[in-house]
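Order of writing sets the labels: A, B, C and D. Residues in every chain begin at 1.
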Amino acid sequence: MTNDEHRRTTWETATSVPLVVLSLVFIACYSVQVIDTELPGEAQIALGAVIALIWATFAADYLVRLGLAHDKGLYFRSTLLDLVSVLVPVFRPFLLLNRLRDIPFFRRRSGSSVRIRLLIHAALFVVLFVYSLALAVLAAERGAPGASILSFGDSIWWACVTMTTVGYGDMVPVTVLGRTLAVVLMFGGVAIVGVATATIVSYLTESIGRQRHDR
Amino acid sequence: MTNDEHRRTTWETATSVPLVVLSLVFIACYSVQVIDTELPGEAQIALGAVIALIWATFAADYLVRLGLAHDKGLYFRSTLLDLVSVLVPVFRPFLLLNRLRDIPFFRRRSGSSVRIRLLIHAALFVVLFVYSLALAVLAAERGAPGASILSFGDSIWWACVTMTTVGYGDMVPVTVLGRTLAVVLMFGGVAIVGVATATIVSYLTESIGRQRHDR
Amino acid sequence: MTNDEHRRTTWETATSVPLVVLSLVFIACYSVQVIDTELPGEAQIALGAVIALIWATFAADYLVRLGLAHDKGLYFRSTLLDLVSVLVPVFRPFLLLNRLRDIPFFRRRSGSSVRIRLLIHAALFVVLFVYSLALAVLAAERGAPGASILSFGDSIWWACVTMTTVGYGDMVPVTVLGRTLAVVLMFGGVAIVGVATATIVSYLTESIGRQRHDR
Amino acid sequence: MTNDEHRRTTWETATSVPLVVLSLVFIACYSVQVIDTELPGEAQIALGAVIALIWATFAADYLVRLGLAHDKGLYFRSTLLDLVSVLVPVFRPFLLLNRLRDIPFFRRRSGSSVRIRLLIHAALFVVLFVYSLALAVLAAERGAPGASILSFGDSIWWACVTMTTVGYGDMVPVTVLGRTLAVVLMFGGVAIVGVATATIVSYLTESIGRQRHDR
């Protein structure tokens, strides 16, 4: 490990907990901004300021880490998801997922089973994915004529029904943006079904192998 | 095996058949209580008493087993599902699944294929899962304005349509509790699809391996 | 191979092609009987007679094979699907699938890949499963008040939508029998998705293994 | 490699880029023809001529390659998908997928992971499959009484909802041709879910194996 790499790891470990806390504050402010449409003007301005500030902090953190990286091209490619999370509003809640990686507690787990880590990440991913797409679809649909997704409760329910590929059709997006986000959610759902199945396949294969070995 | 462990195993084997019978009585009483809304007052009181008594028996059994366990922390963690089944009404039918494990007949099977046991457990799980969530959703939805799940037949049909991720949308929960239970059912459905697929993957891998070996 | 086993194999090989032809005639007659509700009385009687005759032939064939089997208990258990196909009307089209096994052409294939045979059987199973359940659901639903599955075209479309777990909900069974058959179809659909996935998993594992070996 | 094989490979490499460009022009013209129903007569004739010309080029290319192949029977069997793409209008956009194989860039990748190539092909397949079936279903449904798929946007949305097996039911094909194409799309969707799952299974198996090896 070069000196630069060492400094970057130190930076990431030191900033991990504050950045996770900031991510949670960010998600809370962002949610209030989308869900509560009857906020007084001052509160809206204050919320907007907090969101902009946290966003700037994340952008600065990304640049610092890029600056500390030895091989900038490699770093850029391997943290593309961070960049997308910083730039695209819909994916901002994923900043939380990206930051969790750097908490020493989650790093320490790297010695344990790949399967458990995959399940924890998949579960966190499902929660954040459903939450952030439900927020974004609500913002896109609420005003549209003929829309059926009108409250945040509706939106979360619709997102769960869609992600598990059940698709009742009691609520359906009608705007182009809402439908585009819905397609993202559907393909995410297919991937999640795949991860669930793969974990069970892997567990079953191991159980059978171990039982055979015991005999 | 320590002396304590031995006494616990003796206790679990001795109580297994009576507790399975009690579980069945419990499921029957619980079902009648939810489904038949026009029971006379005395019958309702009698049913409630039977249910409370059986519930107390299960709680006592859990405490006895916890008392007999050598490593109480480990026992607590490894029987978390039992505790949840005792505490949360929706999951009480699963007490049956938990008790089946202790019947010597099911224990003896442990020498046979992991796959067959997984299939039997998955099938029992599906039946109990659909049954108990259909009951709970019926109780949650029946009185709600605009509800479409009005009888136990409807509820079972809706639960099968949801669990297999078909999702026609002819019946849809409208209350917050009903929808929360529906999301539990959907994720259970994704897991069941995963178990079915994993079993077929494992069977196919073994068939191909055996055929290659034969040549 | 004992003498009895030899005689049973000879019998099965000799009767395989005629029985497959009879199965096809049977499916055709059975379909006409269900689909065409405006047949004149004599035609209905003739159809019923042909169906009864073929059914009797299959029952006789089953008994002959049972009589020729050395270990009757083992034979009974290993041909349970044949017995169910003979006894339950909905599953009669599967008699075709059962008989195909005995055609020498399909036997010869047993040397080739397990995967190809699985795919051929799965495809035949899908076609027969969708066809026979569509027929049975049509017979169950047609007369019911509020039914949406009214013609054989509707029924086939509904069965495909259900089996692939898409579940639009434009057509939905409303009778108890129709819904019970639909649940059978749904679980069949879950199994088919599992078979498709397992085949791809197996193919991919082999491709990667072969490529690694080549290097 | 025989001399003939060498000449065929040279031909395929030389024609790959022009044919991919032609495929893109073809898809564009074909799309305009289906989507824009208010084209003036001359434009329609021009479009039709371009489409016919490109089609003839593809047919000629197929015949040249067949002529250059050493073992014509083998070549015919192994390029059956090319022939279907040339003959059946719905599958013509797949000509693009078939031609991509011959671009040296995609050939060079053959040394890298089987999984990455599978994912790239699956993603391209999904895009072309959804696109071409959406086009074909739109053409089949647009004029039908009671149809709900009326614009290309509707059609793409419906195809995504169907392929991921979500199936809201807000739009449903009502013509026989539309429903037949929908069934093709559904089974394609089941295959895609299978490919996604298989890729994750394979990745997970490898990760666990590597981690175990590292210890």
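Keep this in mind: a contact is a pair of C-beta atoms (placed from the backbone, for glycine too) under 8 Å apart; a residue touches a chain by one contact, two chains touch by 3 or more.
No experiment lies behind these values; they were computed from the predicted model shown.
Here the repeat of C-D among B-D, A-C or B-C is B-C, since over half of its contact pairs match by residue number. Distance between subunit B and subunit D, defined via averaged C-alpha coordinates, is recorded as 45 Å. Separating the CA-averaged centres of subunit A and subunit D is a span of 32 Å.
The set of subunit D residues touching two or more other chains comprises 165-169, 193, 197, 199, 201, 205.
Taken as a contact graph, the chains are fully connected, with every chain touching every other chain. Interface residues of subunit A, counted against subunit C in their complex, comprise 165-169, 197, 201.
Per the touch definition, subunit A reaches subunit D in the complex via residues 113-115, 118, 162, 165-169, 172, 176, 179, 183, 186-187, 189-191, 193-195, 197-199, 201-202, 205. Contact residues of subunit A toward subunit B in the complex are 153, 157, 160-161, 164-170, 192-193, 196-197, 199-201, 203-205, 207-208, 211.
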